[in-house]
Amino acid sequence: MDLTLSPDEQAFRDEVRAWISDNHPGKEPEGLSEDDQWKFRVDWQRQLHEGGWAGVSWPKEYGGRGATLIESALFNEELAASRAPGPANVLALAMGGPTLIGHGSEEQKERFLPPILTAEEIWCQGFSEPESGSDLASLKTKAVKDGDDWVVTGQKVWTTYAHHAKWCMLVARTDSEVAKHRGLTYFLMDMEQEEVQVRPLRQITGEAEFNELFIEEARIPDENVIGGVGNGWMVAITTLMNERSGLAFGLQVRLKILLGQVIDLVKEQGLEKDPLVRQRIGQLYTESEIMRLNAWRGLTGIMKTGQPGPEGSLGKWHWSDINQALTEFTMDLRGPDAPATDSEFTFEFLRARANSIEGGTTEILKNIVAERVLGLPKLR
Amino acid sequence: MNFDFDDDQRSIKSTAREFLASRSKFEKVRECSEGGHYDEAIWKEMIDLGWAGIFIPEQYGGQELGVVELVILQEELGYAVTPSPFFSNAAAGLMVLHAGSDEQKERLLPGVASGEATGTVGILHDGSAPLVPDAEAASFIVLAGEGDTTRIVEAGDAKIEHRDTIDGTRSFARVSGEGEEMPGDAGAGLDRACAALAAELTGCSQRAMEMAVEYAKDRKQFERPIGAYQGVSHRCAEMLLETEGARAATYYAGWAADHEPESLPAAASMAKAYASDAGWRVTASSLQVHGGIGFTWEHDLHFLLKRAKTDGHLLGGASWHRDRVAKIAGLGDAVIAQV
Amino acid sequence: MDLTLSPDEQAFRDEVRAWISDNHPGKEPEGLSEDDQWKFRVDWQRQLHEGGWAGVSWPKEYGGRGATLIESALFNEELAASRAPGPANVLALAMGGPTLIGHGSEEQKERFLPPILTAEEIWCQGFSEPESGSDLASLKTKAVKDGDDWVVTGQKVWTTYAHHAKWCMLVARTDSEVAKHRGLTYFLMDMEQEEVQVRPLRQITGEAEFNELFIEEARIPDENVIGGVGNGWMVAITTLMNERSGLAFGLQVRLKILLGQVIDLVKEQGLEKDPLVRQRIGQLYTESEIMRLNAWRGLTGIMKTGQPGPEGSLGKWHWSDINQALTEFTMDLRGPDAPATDSEFTFEFLRARANSIEGGTTEILKNIVAERVLGLPKLR
Amino acid sequence: MNFDFDDDQRSIKSTAREFLASRSKFEKVRECSEGGHYDEAIWKEMIDLGWAGIFIPEQYGGQELGVVELVILQEELGYAVTPSPFFSNAAAGLMVLHAGSDEQKERLLPGVASGEATGTVGILHDGSAPLVPDAEAASFIVLAGEGDTTRIVEAGDAKIEHRDTIDGTRSFARVSGEGEEMPGDAGAGLDRACAALAAELTGCSQRAMEMAVEYAKDRKQFERPIGAYQGVSHRCAEMLLETEGARAATYYAGWAADHEPESLPAAASMAKAYASDAGWRVTASSLQVHGGIGFTWEHDLHFLLKRAKTDGHLLGGASWHRDRVAKIAGLGDAVIAQV
C-alpha cells in the first residue's frame, strides 16, 4: 500500500501542471455567444492537442500519449483542478475513441481517430431513446440494410453536442427476431444529412445542454458499423465503462472545488461556528475524500484485473449523492436568498437533480451493485 | 372530534379544484411563468369568487370565514401551482388583521378583500427583506422581522428591486423602506401566513406525488411498469407518508388559528417546518421517478418543484421553525440563529 | 372540522380519568418474579373489568361497554398516558374478541368471550411461522380432519404470552390443493395439551417477550373453527386490522411519554442550547404530533367508511421510524455512557430495532401503501 | 500510487482471517459473551503470533510494523467480533509510544508487546473515564481528555468500577485515578487508536453485510428470494457503499499514520466519524434484512450490532469527529461541544 506518487508519476504530474499553467486559456469570457463559447472550447482542444495532451490515454500509434492509467488519472485531476474548460470533443476523446481503438477495424481507426484529436470532427452519443432510458436493450431505433447502406429511422434523446457533431455513436436495432440485446448494432452516423434533425432539449435549469435527434431514413454506409453487426450491445457497454471510469477523476475534483467554494460561502455568511453547518461540512468533506480515495482504489483494481469492474457503479452513485447534498446545503446556507438566480449556486442546485439520473440512474446502479458485486438474484 | 371538513368547506374545496383545473392548467402556468406575468383574468375570477377576502371580516368586505378555509384554497392553489398574488395578498391581510390598528384595518383590509389594493409581506434581514412576493404590484408591504417593529410601507415609499428566482410562477423583489408601525400581534399574523404557505406546499406535494404515481403505472422498463419495482413503489409510499404528514400538520395549524390560538405558534412552526421539507423531498423524489423527462423544461413537474423549494425558504426555513418548536417543547431560546 | 371533544366525549374522558386516578395500581413493583408480574397484570385487568373498562369497544351484549370509536380511542389514550400496565389479556381484548364477535357463532361467543374479560382465559396468537414471516399466506402448519377433531402439526413463532395462554388464535392449512391463501382455517387451539410445547425466544435485549410453539398432533375440536373452514385468511386479516387500528392510539401516547423523558434527559445533560439537539427535538416533537393527528384522522376515516383502511399501515410504519429515531437520539445524547445498560434508554434503544419488523415489516407496509392506497402494480 | 496491500500485509490478513475463523467462531463469541470473560487461549495464541506488539519497535519486543498492519488485524478482529483485550492493549501501546517518555516506553511497552502487562485507554469526562475497555485486567490505564494532561495510572492507583454494556464481547469499567504525566503527543496516539477502532467497525460492517447478503439469497417469501426485491437488494447495495467508504477512510488513516502524519488528524477523524455511522447503520440494516430471526439472541448478528454501536461511542462519537473534520477543513474551533 503506497498512496504516494512514484518519482515517475510525480514527474508526469509536474509536467502536466507546468504545461497547464503555461497554457491555461483562462476563464471562459462572460457574455460570449453560444457559437463563440464553442469556438473557445475547440481552440482549447487544439491547444491541448498541440501540446500532446489530447487523447492522453490513447496508444501512441493512434496519436495519443500512451499514458498509463495513473498518468491519465493525474492528467484528468490536474485539468479539472485548474478549472480549465473541457475539450470540445470530450465524448469522442473519452468514449468514442477508446471504443474504436478496442472494436474498430484498422481502416476505421485511420479514418476516424485523427480528426477526433484535432476537434475537426466532433462526436455525439445516440444511445438513449424516450422509451429506453434504463432499459437500454429495448432500443427501438431501426436500421435496415439497403444495398451497401443501412437505413435508420427512430428517435434519440440526451445527445449532448448533437448540433456541433459530425458523427453520432448510434446504437440501433438491426434484428428484431433475436433476444433484445443481441439484435443491436453500433454505427457511426453522419450527422450532416437532412434525415437527421436536431432539436435542443431545454432542462429545468433553463439551459439546453442536451438534444433530441429525429432520424427519418438516414443512411449509414456499411463500413461505419463498429464491432460487427449484432454486437452493438457489447460495444456500447465498452463505451459506458470508459465513461464511468474516465470521468470519475474529474468528478471528484469538481466536487472538491465546489466544496471549497461552499466553505468560502460559510465564512462569508459568518456561519463557521454554527454547529449544524460544521456537521454538514464535516460530513461532506469526509464523503468527498472517500470518493477521491475510492477513485484511486478503483484504479488499483483495474490495474490488477485489467478492466473496470462493477464497483465503478458505486463511485458514480456516491458522487451524485454527495453533489446533491452539497448543492442542497448551499441553499440552506443562503436562507431567504436561496431561490434567487443571481448566484451560480442556485443553478448548480437545480442541475444536480439530474446527477442521479444521467449516465445510469441510481436505481440501476444499485441493481448493478446488488447483482454483479454482491451476487444477489436478478428480479427480471 | 372530527378531522373532516364540513359541507361548506368541502364545497369550497371542490369549487377550487374544479375552477383551477379548468382555468389554471399547466399550459397556463407555463405561459405565465415564461412570460413573467400573472394571468389577470384568473386573478379577477378568484376575486369574484370572494377568495381574496375569505378570512376577512364582513365589515371590511370579506367573507369572514377562517384560516381553515384559507388553507383549503391555498392547498388547491399549490396543487395547481397557480400564478397569482393570492398568497402575498392574504398574508398581508392576516398581518393587518392581527397586528394592525383599527384605523389600519379600516384603511387597508377592504382593498385586500376586493383585490383592488393588494398587499404583501416581507421578513427583514439586515435592514431589507430579501425576497418579497408580488411586491412590485402591491399597494403596501408589511415588513416584519425579529427585533424590528413591524411596519406598513406604502408602495411609493418602498425601494423595490425585482429579483428573478427559480420560481417563475411568482414574482419577487428585494424591499426596504420606512413606514408606519403596526401596534398589534405580528406573530399571530405570521403564524397564520405560515399555515397558508404550508398548505401550498402540501398541495404541491400532492400533485407531484400523483404525477409520480401515474407515471410509474404507465412507464415500462424491462417489460414491467416501473411502479412494480420497490425502488419506485416504496419511494411513492414515502411521498404519501410525507404529504399526509404535511397535510395533517397544516390542517391542525389552520384549525388552531381559528379555534385554539394558544396552540398556534407550535402548530404553525410544525406545519411550516415539516411541509417545507416534505415539499422539497416529495417533488425532488417525483423528479427521480420521472427520470430524464422530469428534468426537462417541457415537462410540468419543475413548476411544482421550484415553487415548493421557494416556499420552503419564505417566512423562515425548516431549521428556523424546527428550532422554534424545540423552544416551545421546553428547551428555551436558542443561542445561535439557525440556518 | 372540529378537533375539540364534544361535551359527551369530554364527559367520557373525564369519567375515564377519574376512574383511572382512583384505581391506578401504581408502577409495577420492582424485583417481582415473572409469575408475580403476571399476577399484577391479571389483577389489574380484573379491576378494569369490575369497573366496566374491559372490552371497552365490545358491544354491551357481549359484556363490553359499547363505546364509540372515539371513546375507545380516548380510553386507550388515557390508559397509556396514566402509565398503567396493559391488561393481561390484551391480545384477546384487542384482537381475538373483536374477531370472534365479527366471525364467530353465537355458541362460540357465549363460550369464549366472558373469560376473556375476566382474564380467566388468556389468549395468544399463532400466525407467524419461521418460514412465513411477511408471506403469511405461505403458512405450513397443517390441520387434518380426524373424526370431530382437527389434528394439527407445525411450528409457530413470535407468540407473546404463550406460556400463560389457554387459547391460541391459530391459523393452519386445511387444504393444500387450493391457492395458498384459500386453504387456511382459523382455529382456537387449547394450549393446555402435551402436544403443544412452548419455548421462550430470547431477544437481543436479553428479555424473552416472545415464544416459539412446537405443535405435534395437537387436537382441536371442529367447533373451535372460527368463520368456517377455508376462510382463515380473511378472518386473520380482521384480527390484524383490529391490531393496527386499536394499538395506534396507545403507541402515539407512549411515544409522547418517551419524548418527554428525552426532553428531561436533554436538560439533565445541560444540552438545551445545543443547536443539533434542538433540531432533533424539534423534528421528533413534530413527527410525534403528526402521528397523533393522523391517528385521529384515521378514526374520522373509519367513521366515514365503516372500516379501517390501508392507511392504517402508514401509522405503524411512521411510528417505528419515529421510535427508532428517538431511541437512537438518546444514545447520542448519553455520549460515552450510552452503551452502558444502567439506563432504561439503552434497553429501549435495542428494543426499538424490532419496531420495523413486528406486526408487519416496514417493507410490507410500504407495499400495502403502494398497492392499496396508491394503486401501483403488484410485483408478484 | 497503489491501494493494494503488499505481500506481507496480505499474508498477515489471510493468516488473521484463517486463525480467527477457526479459533473465534460465533459459538466461541457467544460463550465468552454469556460467560462475561475472554477466552484466554485465543489471546495467548494471538500473543504468540506477535499481534500484541505488531506496531511496537523491536527494541521493546515488538514486530516494528506499522499502523496499516494494526488496521489489518483490527479489521479481522471486528469481522470475527473476537472477545479479547487486543484493542485496549494496542491503544495503550500507541499512547505510550507517541506520548510517553523514553523511560515510560522502556517500562511499559515490553509488557504491552508480550501481553504480560496489558494497558488500556480511557477518555476523561468530568474527572473520570466513563467507559474504559478491559480496565479490570489491565496493569496500567492511560487517561486522556481535552484540557487534562494525559496520564498513566497504575492499576493499583485506579478506582475501577465494572459497567455492563450492550457489548458482552468486551469488558468495560468506569475509571478514575491519579498518575504520572505523559510528556509527548497524546493526539498522535489517540488518532492511531481511532484508526484501529475504525478498522474494527469496518470489519463488523463487512461481516454484517455478508450475513445479510447470504440470508437474502436463501430466504424466500412470496416464492422469491427476498434479495430479488429492491427493498432488500438496494439496502444491501447501500451496505456495500458504506462499508467500502469506511474501509477506504480507514486504510487511508492507517497509511497516513505510517507515511504522512500531517494528514493523520483529518484522516483519523474522518475514518472514526464515517465508520461509526456506517458500523451502526450497516449492522442495523442487516438486522432489518434478517427480520424477526435477526432480533433473537440465538442469532449471531447482535454481537456485531452491539460491538459496532459501542465502538461508535468510544474515543469520541461521530459528531465530535465530524466537527473536528470541519475545523481542519477551515472552520476553526467549535464554540459548543458536539453531542
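In order of appearance the chains are A, B, C and D, and numbering begins at 1 in each one.
In the analysis below, a residue touches a chain if its C-beta (ideal position, glycine included) is under 8 Å from a C-beta of that chain, and two chains touch if they have at least 3 such contacts.
Because the structure is predicted, anything quoted here is derived from the model rather than measured.
Using mean Cα coordinates as chain centres, the one most removed from chain B is D. Should one ask which of A-B and B-C has more C-beta pairs in contact, the pair is B-C.
With centres taken as mean Cα positions, chain D sits 40 Å from chain A. Chain A and chain C have centres, each the mean of its CA atoms, that are 53 Å apart. Each of residues 224, 229-232, 234, 319, 336, 338 in chain D touches at least two other chains. Taken residue by residue, chain C touches two or more other chains at 273-277, 279, 363, 366, 379, whereas all remaining positions touch fewer. Residues 1-6, 9, 70, 263, 266-267, 272-273, 275, 277-279, 281-283, 285-287, 289-290, 293-294, 296-297, 299-301, 303-304, 311, 314, 317-318, 363, 365-367, 369-371, 373-379 of chain C touch chain B in their complex. Those residues of chain D that touch chain B in the complex are listed here as 229-231, 234, 336.
Listing the residues of chain A that touch chain B in their complex gives 128, 130-135, 138, 157-158, 201-204, 206, 271, 273-277, 331-333, 335-342, 346, 350, 353-354, 356-358, 361-363, 366, 379-380. Partner chain A is touched in their complex by these residues of chain C: 274-276, 279. Those residues of chain B lying in contact with chain A across their complex are 123, 125, 130-131, 163-167, 172, 220-224, 229, 231-232, 284, 287-288, 291-293, 295-298, 302, 305-306, 309-310, 313-314, 317, 319, 336-339.
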